[in-house]
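By written order: A, B, C, D and E. Residues from 1 in each chain.
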Amino acid sequence: QEVLTIGVRSEASSLDPHWTQLSADLQVQEHIFEKLVNLDSASQPIPGLAVSWEAIDDTTWEFKLREGVTWHDGEPFTADDVIFSFDRLRGGIEGAPASPAFTLDKGGKTWEKVDDLTVRVRTDGPYPTVAEDLAMVPIVAEHVARGVTASVDFNSGDAAIGTGPFLYNEFRSGDRISVVKNPGWWGGEVQWDEVVFRPVTQDASRLAALLNGDVDMIDYPPTADLPSLRDNPDFTVSSIPSDRLIYVMPAYRDVEDYVLDNDGNVMQPNPLRDWRVRKALSLAINREAIRDRIMGGASLPTRNVVPPGFFGYDESLEADPYDPEAAQALLAEAGYGDGFQLTLHGPNDRYINDARIVEAIAQMWTRIGVKTAVDTMPRNIFFSDLIRGHEDSFPGHDVPKFSMSLTGWGTVAGEATYTVSGILETYNAATGGGNGNFGRYSNPRIDARSILAKRTIDRDERLRLLQEAINIGMEDYALIPLHFQVNHWAMRRGLEHAARTNERTLAIEVRRVD
Amino acid sequence: MSAGAVTRPEQAGPVDPAGAPRPAEASAFAAVARAYARSLIAMTALVVFAIIAVAALLAPWIAPQNPYDLTQVDLLDNLLPPGSESFSGQIYWLGTDGQGRDILSAILYGLRISLLVGLASGVIALLIGAAVGLVSAYRGSWLDATIMRIVDLQLSFPTILVALILLVILGRGVDKIVFALVVVQWAYFARTVRGVALVENSREYIEAARGLKLGHLRILFGHLLPNCMPTLLVVATVQVASAISLEATLSFLGLGLPPTQPSLGLLIANGFDYMQSGRYWISLLPGVVLLVTIVSINVVGDRLRDVLNPRLAR
Amino acid sequence: MVGFIARRLVQSLFVLFVMTLIVFFGVNVIGNPVYIFASSECNQACVNGIIADLGLDRPVWEQYFVFVGNALSGDLGNSFTFGVPAMSLIWERLPATLELAFAALVIALGLGLPLGILAGLRPDAISSRLIMGVSTLGFSVPVFWIGLILIMVFSVQLGWLPSIGRGDTVSILGLEASFLTLDGLSHLLMPAFTLSLFMLAMVIRLTRAGMREVLHADYVKFARANGISETRILSVHVMKNILIPIVTVLGMEFGGVIAFAVVTESIFSWPGVGKMLIDAIAVLDRPLIVAYLVFVVFMFVIINLLVDILYSVLDPRVRLGGGAR
Amino acid sequence: MTRAVDTPPALAVEDLRTAFFTDAGRLDVVDGVSLTLRRGEILGLVGESGSGKTMTGFSITGLIEPPGRIVGGSVKLAGEELVGADRARLRALRGRRIAMVFQDPMMTLNPVLRIETQMTDALLAHASMSRAAARAKVRDALAEVGIAAPDERLRAYPHELSGGMRQRVAIAIALLHEPDVVIADEPTTALDVTIQGQILALVQRLCRERGTGLVWITHDLAVVAGIADRIAVMYAGRIVEEGPVDDVLDRPAHPYTRGLIASVPVPGRRERLPQVPGRMPSLLELPPGCAFAPRCAQAAEACRARPDLLPVGPARAARCHFPLVETEAAR
Amino acid sequence: MKPPPLIEAHGLSKVFGEGQDLVGRMLSRFGLERPPRRVHAVEEVSLTIREGEVVGVVGESGCGKSTLGRMIADILQPTTGEILHRGRPLGARRREKGAGLAVQMIFQDPFSSLNPRKRVGALIGEAPKVHGIVAREDLDDYVESLMERCGIDLAYKGRFAHQFSGGQRQRIGIARALAVKPELLVCDEAVSALDVSIQAQIVNLFMDLREELGLTYLFISHDLGVVEHVCDRVLVMYLGRIVESGPAAEIFRAPNHPYTKALLAGVPRIERRRTAYEPIEGDMPSPLAPPPGCRFHPRCPFATARCREETPALREIAPGRLSACHLNDATA
């Protein structure tokens, strides 16, 4: 009996793959359910339940399904299951906090079965990233999932019947989720007879559980312990830069509540609208120090918005050097030689060491004369304030609250189109443009390229548009990138883990080596 | 229980064996102080607490660094073990934390916040609780019943939950914590004071005061309150200690204070991530100080309970 | 008795009402769970969809009335996160918490009574002072700190005890219990001890104080004057008197212990309701928070009721009567 | 009254000394007390509050607790020495041969145990029998002290009984084993006149019937006058006068006794009561010689020396340098 | 017309008992809860106290002596009935500044009747200061004169109550009462807690004050010896009611009511030696469930059927003497 026990930071809440988009849920579900398109460890699309796909015209994509795949209960997998899954999502899942339906909505997708092993997806215009989108949509079995109660019947195991490498075994809320080997998986031999996920929320406890052998492997080992873990012969650490960009987002309204002059009065105009000020703030950040002193050496300082290997990455953009003198000079040039005050907001339980980074940045900015106060909070409070915490908000009209905040953006699909659109494009509630742009940055030159890129199927052309948009944004310091998180896993000696960019912990990527 | 009602009071206590007047004009305070000083442990605790309190009070003047001033904290000095020297030649006697903050200074300032939180919430809760409890005991009847129902409700709800919910709702900050702690604690005071006040209220000196037509306010605050004071004081010390401890727990749960102005609890919580990598000082040292502080307050409270025990004092 | 219970029920209904009101509106003020669940690429329309799915698009008061309406028919709503009826989640996790709390109670009594008696018999002995000194720690030291230190020492350094989770369980009367297996017991030990510390200190103190008081009581002297043996005096005449305050205080604190399990469970990854609450708060899973609180209040009512009844059994002078105690 | 002169007295106390070692200093609460009690005799021990009556009782029964300690003297129960006897022996004697009844009936019974439990416990401490037999015996004992519906009362808790009933239960317990000596420490002080009368009648009868020797401790001279054969007056830990009840009450030898008697209001006389000035001194600040000297009208230089308890008549003794017997005898 | 007596009370009753809350009322309507327990501590008591008189109240514990005293002293509100002070309701009229209080009470327990946190000077001086009975600058002298009158050493003015003996505390309590210039002192077991030798001192003090200040006393005590010694007139109470009243000497000489008789017979006296006690059997019944008819009938050796049903009225049996017993009707 080969059992792999994994201590995870967050507990999966549901085994219904259409229930949420939380990583914690998805990584467990992925053991049981599969998608038409898989992502490789660098988040690039590869065949999954679909063996191939192509655009047969500007608005139609055809997916060829894999033959001979069976559900865990032995029923064959067909196009009907795919259509059912899409329909299930489109129909809305009662009570689901955040089903991935929106990926189907993007581009106005419609679908049809051509034959048992062929499915066509149509869009309302040229739309290049259908495959990437479908990599977000798990397929459930029509014959079991029809008419079941969302989430409830999946958690009990009744409907948790997929095509994936593992079978549902046990779901004990708060304690463990266990899956066992699917001997008939199309993807080949599965090494583990059983995989157990145990939620251990406290970092210190999770590490302790690894150290004393309660679990074989943990995600998110505390960064402070990384050096000693690496030195310890009994343990191995795997790591990979993630797709999550950590950046500081300035706000661009004319008057910002948290940007004050040295006497404590709200400043007008808002100095953050001056790109020299933004550049100065970027130059004042010592990204290497953050990497070495806070992140345990594990972060990738950057000036890009997607990590290396992702579609849209631009090698020519290098992280800003640490240059406080230049920063001060720039501030003086912009007319703020005496500095000013601002508050940097951030979450304290969302990203790796988020509160610590906020504090460190505050230190660095204060040193060049921008007196920075710090306010960190649990993510639930942070994000709802970030998005619409301002008193001018009303239902249907979101006004962000913070003037400067630390947040992150994960490029889930392995390609930059929706990253550029999300954080650099002008905010537009109707089109979904700039839905992560809570600084309300707006630059027509970026908008033009971003909107065009979303409709460009030609990869080279799209790459050019995206890189141009990114370069414009970075030149203008639309936001101040810090680094890509580097994700770590720690495991006992004798295990090897091919870490993946999208932060998920998959048992099939762990193998015994002794 | 009225069992003791018929004992002859002469037998009440050994302090004044045959009821003879004492030779010295001993003030009550001096007597208590003398009785207190008889316990070496309690004296030590008092001295320790005094040192801690003074250190906390003088933190801005004696701390080598202002840990809240970000220009004085350097990330490049972080995680230094005790006794290390900084870039600028300053010595960090107790090491530095993850942000490069001098632990010694952070402890001193953290003490200030912890004590402030404990004392402020203790005092405010005491004032509210004492007033409510006194009036409740004195007025009696439906007012008493109503107030005590409310107190019961409040008490039947676990402190940590109330504080948690309040902080989730109110947000973070010293004032919010103090508010949450007051909400949690006032009922303890109210109930204790009411209990004592009921006993005192049934004593004949209160009846005498009524017979003398002294006025309700005067009776309440001039006669009843001073006699409830000893018990109040004892409850207060315990509550202050538990407030400090509760604040630490809330900080640990991420609902405490802003990270740039850490209390002792927050220092401990933050430092714990470094514990397993051998950087014990970040969490352990503030922990020890917190421990010593709370223990010393508790010991002082215990001793006060003993020496202020009415059975011994009268 | 009937009146007593009726009064309690009225009282707790009132608490429930006030509490749900506060939590319902309070949680609404702080933040919106949608932004935790929504992926970064989820646009406004998508967010609105989620809001509608969770029923958060209606005015709060309307949501509240719907909630009250459902609650009256026994439905406390589905957890936002799990999509499962909140009450069934709580039932699922409750046994773990109860087991932890009861184990803590057993430790507190099993250790506290003998220690307290020892300290009360010879109040001036070194051992007694030591016991009292150590019991101060139980009051003083924050629980999380003790828990983490215990893990460091017994799990990581010595490797004697497991640090997380619940271990093997056996099903008795349909409830999962871990104290019946060796593995389960080893998982239970540290968290239960951590949780018991406060009660333990309390029991020691109450026992000692009780001993000191009761040992000097006339009726003990009278029992001695009648030649009744010391063991009988201690085990019956003294003990029953001492137990009264202990039962009362422990009863009052037991609810608090269940609540404090929030911290302990989070440290030891104990799959109980407390840990779930912390998680629920982190994601603002309002139905779950409210259901938890409803359940806690309910629990308290029952515990308090039991304690009061036990109290009246132990102390014949107490009648279960009117409202005030 | 039976007076068996040849057998050893039921109780003989010789120069008993008990001291409390407190923070404030040593308190000689019982300071050389000597008493003799024959079978069937009732001895009244009177004195003001704090004069050491209770402590004398506790010392005799070996119930003194730290910081107090018996520091000298002897207590002989039918010839057997109790001072220095081991705990087991003392326990074996207590309740069986010598018993005590306390002042406050509210406090002497354990509030949380049924009367039955408390009584059978006391019974089984010295007798081996089944619980059922014990119950029957205990029930009879209750009936004997005049408690109606004893079966019902056995099931009761102390708080369900009135003060008088409780005191009767306590007396019943004390008399369970028909001890030779009973020390009754102000058992009626807390009770009403009518109840006091009931208890006095009960005790009188039982002593007479069983030949039990009784030490009746009180501060009420009138009660002693009613039931005692002999009387001993305590002042500041010492016996100041001792003798047959009529002799002492009618012709007190010690000025303190005389003062006490005089300050009891006399019916029909409405004038000022003669009063003893001052009050009993603290045991910590006793004057060197006669403890009563500071309050005594006749005090003289000689009173600075400590007087001994000396005979002042047949079967009488007083601790005074200037006993009043001869001069007052004609009164 | 004769001036009205100093104190006149009509039909005083006092009922103690918990009120009932909403839940309780609902429950008792359905018979699920017993109605609240009510204690009739004092029932239908009428009495007159003339100026300069010493009126004694005797009776067993719990018969309502203290409750009556407290009502007269205006500390407790009677449930029904009224108390007139010189013909006007007590406590009803507004006191003008500087006027004394009509009635003061001296308490049984000298240890609890003095505020332990106040010094003697403040204990005595507070009330006259508050009521403006003396000018602020004269307060010291006033307090000292009271202390002197009550036999308290002036040197002790700065002490706390716990530093005094019981007798001295009682003196302080008396001085405190006298400070507001009362006409009537209600002494509730004022000497019962004191030692024999001290008791005499305080009784003497009362008698002295009566002479010097013309005080009137309501003297509550269960010590019949003391009552006989100091009182002009005596009220005998049983279970909340007065069963007999009259001049002290006559009552003690020839008690009329069977209860009074039994009470007096049970009193130990120093001149009664080796008494064979023949006490009344039984305890006083609980005031929660008083027996019907004559309250004393369960213990009364002469009880008849009538006594079990009909409550006897308090009737004059001789000039100045009242008794509540059916037996008097039979003989009359």
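As a convention for this text, a residue touches a chain if its C-beta (ideal position, glycine included) is under 8 Å from a C-beta of that chain, and two chains touch if they have at least 3 such contacts.
Labels paired with UniProt names: B, C = ABC transporter permease; D = Peptide ABC transporter ATP-binding protein; E = ABC transporter ATP-binding protein.
This is a predicted model, so every value here is computed, not measured.
With contact taken as defined at the outset, chain A and chain C (ABC transporter permease) are each touched by B. The chain with its C-alpha centre at the largest distance from the centre of chain E is A. Between C-D and D-E, more contacting C-beta pairs join the chains of D-E. Chain D has its Cα centroid 50 Å from the Cα centroid of chain B (ABC transporter permease).
The mean-CA centres of chain A and chain E are about 86 angstrom from one another, to the nearest whole unit. Inter-chain spacing, taken between the CA centroids of chain A and chain B (ABC transporter permease), is 46 Å. In chain C (ABC transporter permease), 30, 148, 152, 156, 266, 278, 317, 323 are the positions where the chain touches two or more neighbouring chains simultaneously. Looking at chain E, residues 21, 165, 167, 195 sit in touch with two or more other chains.
Listed for chain B (ABC transporter permease) are residues 1, 8, 10, 16, 18-20, 145, 171, 272, 275-276, each touching two or more other chains.
Listed in rising order, the residues of chain C (ABC transporter permease) touching chain A in the complex are 30-46, 49-50, 53-54, 78-84, 89, 92-93, 96, 148, 151-152, 155-156, 159, 162-166, 266-272, 275-276, 278-279, 282-284.
Listing the residues of chain B (ABC transporter permease) that touch chain E in their complex gives 8-10, 12, 15-16, 18-22, 25-26, 28, 141-142, 145, 203-205, 207-215, 218, 223, 226-227, 313-314.
For chain C (ABC transporter permease) in complex with chain D, the residues that touch the partner chain are 216-230, 232, 236-237, 240-241, 244, 314-317. Interface residues of chain E, counted against chain D in their complex, comprise 60-61, 165, 167, 195-201, 203-204, 207, 222, 224-226, 228-230, 249, 252, 262-263, 265-281, 283-284. Listing the residues of chain D that touch chain C (ABC transporter permease) in their complex gives 61, 63, 65, 91-96, 99-100, 102, 104, 107-114, 117-118, 121-122, 125-126, 157, 159-160, 170, 173-174, 176.
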